[in-house]
């Protein structure tokens, strides 16, 4: 278990103090895939860097498996770090080493035997799809290829904790998917705890069990992915959850209002458990309204299909709209009439 | 107009030759927002870097507004480049300059007067939301903040062509949206031609007019966003288009089959023009099948709402399924029974 | 200690100190300017450079190597005609400047090339993409981005020059190093030896200290 | 030309060449090893360093500055007792080695620090995150990543050493520089002056050439 | 580390049979090493293998001799030798005086002592060991006077009592004196005999002021050896050869202008 308690981090720059993290608290269970989302500059990278002490906190504690990590001796810290893989936002590859040698690096440090290293590296290269580029230097790689080297390197030493700082930002969707599946698989197989900073809400949806939302250096909300997506409390969380629907709700509202000035647009929110039923079909059959789906985003998440549908009813009376909406709400769908 | 003709780029490394681009052809009209998508390592960055001659092609021509750019004298090339903004995949900020000074840099080069520079820089800083960090150095910024400096810098000199190499990969969804809107607006207002490399299909959908798909150094498909999304021809294109639906179709199929072993799952494909009608509702009313939406992704694109719905029919006979599907197809929905 | 201080010929020390400071800093300033120019020339004419020019590159390289190859004492002599033309005499601290500059310039040029090589290629590319002229790339990117290493190089060169000034005693340039050797060491005047060496050490410390301070301030990586 | 060649005392040249090569490369090898160690020490004990240690840092810095401050000719004489202990004699090329090493080591240490400063902090961080020990960080990250600058530094030091060997003639170390000065210049024997200078230039070219070649090969940025 | 013969020896003879004794002698290049080179084959005939070590720093010589690194050195004059012994307590002795290199004052502008202008610059060797000697010559010529009670041999410019012509002294490395002279620097340049000829100067005819090379001149260049070694047969042979007529003739022939004069 990783416990983050009252972490504060202030950078002193010549002009002023930058409060990157202002008292963050989190608890991450073993084997959990824990997502961290938040605006650019919210303090996500800083917080994660404090977990493995790349950055010393200004105050607060990080406790891993009951031990306060800042109290570790430097050799204890090293041992611990060998079991914490990290994927960096800026890759941080060694330019003087080839792809192969970069991936081998953590294994050298952990004192793995030469043959085993060779073998593991080969496997990892296949896993991230870099066959044939083993002997390329980082400067000869594309952005996504570099990121994949970073991923392979972080996984090399079979870490028990994996810290990912935007691990798939430079990857195309298909490669991203395969990496996410890989992460999901190793999480299941080896019970690795993962902390995943991401800007891609799909990543949260597809991969994470829990998620924390950071804003302005604080954890403003935290919970299971289901909870967060179903009942976002904080304004920031709401906005992020809405982006799963493709766009900011306000923007969508405005756009849809402009596109469909007639009739009525409704937002139907589905959360995991219920969308499995044929609710929409039932309700449609109970009414006669001309309902069309103008925007939707429903995905299978760790807790079942969930998401949102924007329905446009092109014609009908206020009473009919209300009836339609009531029927849906009775079935557990959250309806907003825009 | 930008014409890319038979561009080939081969990197010689000690081991072997890397064929990054193997004969690419494109034509980008003035004022067009042109997306380039493709797998990691497909040659997208290389191709775009050839447009402004940061990389010399091994063979082929780049013609901008009728002039072959590689025939330019170095001072002509410089003049041209001052009007081509570029956002780099790795930001490439000057560490020795503050945020403000980094953004000011292209203006200094273009010989803009000091006062005007100051003013423009202030405006750009506000535009990308970096107020208060004007005097920070790149090393004091978060990943997304760096990227925003890169964006502001590329826009500083009112370019007539903008090359974006994953301009929003390090940004949270909301900031991404606001940047995309910004790009859309300046495209409309100033008729800027934009070439946008991205891994985010939303970016293509929301922003681009046309899109080219690169695979293994070649442009395998090219067309309007509508065309590409409606009728993907190439295997690679199909896979990318499918990712708009959230995931690779094969993966979704497999998953849905596993989740819904009973009944029948159908994939309903909607393209822009038709989804405006209440098709689904009509068809549902014509049948009695218990239809539920288990996965969907419909977005408003430049050509109207489009996307896909995976519907699960929990109970019914083969004949009923067929009837349902036929009714939909008659309305122009593309139905696949999984 | 007090006794020691009394024994020091203060005038002699001050003169020597002045000579050393004059020689070191004048030649340092000139060497840095010339060295920077030659360093830029060397760096930008190389095969991947901004002004790619094989002949100019090889030529500059040749001259630098030749200048570095000639022992300082011989440089002192070879440049006499030039020195006389420039400062009117071949003797004294002023006359040492041309030799010192000739010795230190190629040296600093090499250090500058090392510094330039460390500049991130991405930033140079970015400025090319913005349409910066080669001169702008050099003045606005290459030099500012290499500045910490360039400043450290100035320190190294400055301290080496302090050492060279000791040899410039050969042409009557005086200075602390010469004082330490000829008056201190050769005459077994430990007071002179000690006090002039201490002064040299102080100069070295000041140069290194200022350099380190500046580097710390400007290095924003 | 032919006539010139005939006039050259080939044996004398070969002996002097051998002496110069011996002095330069032996002392270069030692200086690089010691300089690297001291450079690592200086770099890693500084305030943001791996082994942050103010006292050790200031101490090393002090010693380096003092050594750099003392004129070479005085170093030559000061280390005599040490030299005798080490090589058994105070005269000759071998006896010049300790002084040369003492002069070049602090110099190379400074260049090494400049090289280390240019290493991307991100890569050092990444290796910390992997649990690398400080020793591993130094040997597997810091030095390999700084290698091009370190190699260029070796060239600069090597060529400076060639210059210093000329001064080592004072203790009978011989060498080409001494030959050029004493036999060539002082005796006005232009053949000797010219031919020994040419040899020195060739040595300088070889050092620089090899260095440039290696840097080009290992610099994979 | 011995210096090879810088010039071909005039009479190369085959080595003698029988016992050979090795003798290491350090010397400055000119004229000492040159003279030794001439003596080398002669010594070889007498069963002595002479090894010459050319050094360039005056302060190394006597230390090396005292430490037994060499058997003898040949570079210095008596006052310098005495100063070194006194200061360092070296256990070395003067075995014999071999030659004198008379100092001369040369000028491109001045023909005689009387022509020396007020405020003239006198360029002298920066080797402090030479200063007393140079000043004594000037004092003897009546250009300056030295303070009473100052040992003329150890005098420095600070010991000048009267300097009616307000001479300014400027020091340069000894090897550069001739170059300085050629370049027309200064009004008077004090040049050591052996360097003077390299500039094509003839001490006897060209010098404005010339040091007297008589028996009273203490600046005779000596061979120094370790204490107790002065009667060593090999040393004795060395001295014998250096003082032989053959060598004397060589010196007179080589330095026919009087820049180096064999000592009596």
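The first chain written gets the first letter, and so on, giving A, B, C, D and E; residue counts start at 1 in each chain.
The definition used in the following text is that a contact is a pair of C-beta atoms (placed from the backbone, for glycine too) under 8 Å apart; a residue touches a chain by one contact, two chains touch by 3 or more.
Per UniProt, the chains are A, B = D-methionine transport system ATP-binding protein; C, D = D-methionine transport system permease protein.
Computed from a prediction, not measured in an experiment: that's the story for all the values here.
**Q** If we look at chain A and chain C, which chains touch each of them?
**A** For chain A paired with chain C, the chains in contact with each are B, D, in label order.
**Q** Name the two chains that are joined by the greatest number of C-beta pairs in contact.
**A** A-B
**Q** Could you state the distance in Å from the CA-based centre of chain A to that of chain D?
**A** Whole-Å distance between the two chain centres: 53.
**Q** Centre to centre, by mean C-alpha position, how many angstrom separate chain A and chain B?
**A** Centres of chain A and chain B (C-alpha means) sit 21 Å apart.
**Q** If you average the CA atoms of chain A and of chain E, how far apart do the two points sit, in angstrom?
**A** The mean C-alpha positions of chain A and chain E differ by 88 Å.
**Q** Where does chain E touch two or more other chains at once, residue-wise?
**A** 59
**Q** List, in ascending order, every residue of chain C touching at least 2 other chains.
**A** Counting only residues that touch two or more other chains, chain C contributes 73, 77, 185, 221.
**Q** Give me the residue numbers in chain B that touch at least two other chains, ranges are fine.
**A** 90
**Q** Which pairs of chains touch each other?
**A** Final set of chain pairs in contact is A-B, A-D, B-C, C-D, C-E, D-E.
**Q** Of all residues in chain D, which touch chain E in the complex?
**A** Result: residues 9, 11-12, 15, 19, 73, 76-77, 80, 84, 89-95, 169-174, 178, 181-183, 185-188 of chain D touch chain E.
**Q** Provide the residue numbers of chain E that touch chain C in the complex, in ascending order.
**A** 58-59, 87, 123, 126-129, 170-173, 176, 179-180, 183, 185-186
**Q** Touching chain D in the complex: which residues of chain A?
**A** 52, 54, 74-75, 77-84, 86, 88, 90, 92-97, 105-106, 108-110, 137-139, 153, 157
**Q** Once bound in the complex, which stretches of chain B touch chain A?
**A** That would be residues 11, 13, 15, 18, 37-42, 44-46, 89-90, 135-136, 140-145, 147-148, 165-166, 169-177, 181, 199, 201-202, 206, 239-240, 243, 246-248, 251-252, 255-256, 259, 275-282, 284-285, 288-300, 305, 307, 309, 312, 314 of chain B.
**Q** Which chain D residues qualify as touching chain C in the complex?
**A** Per the touch definition, chain D meets chain C at residues 61, 65-66, 68-74, 77, 107, 110-111, 113-115, 117-118, 121, 148-149, 152-153, 155-156, 159-160, 162-163, 166-167, 177, 180-181, 185, 193, 197, 200-201, 203-205, 208, 215, 219, 221.
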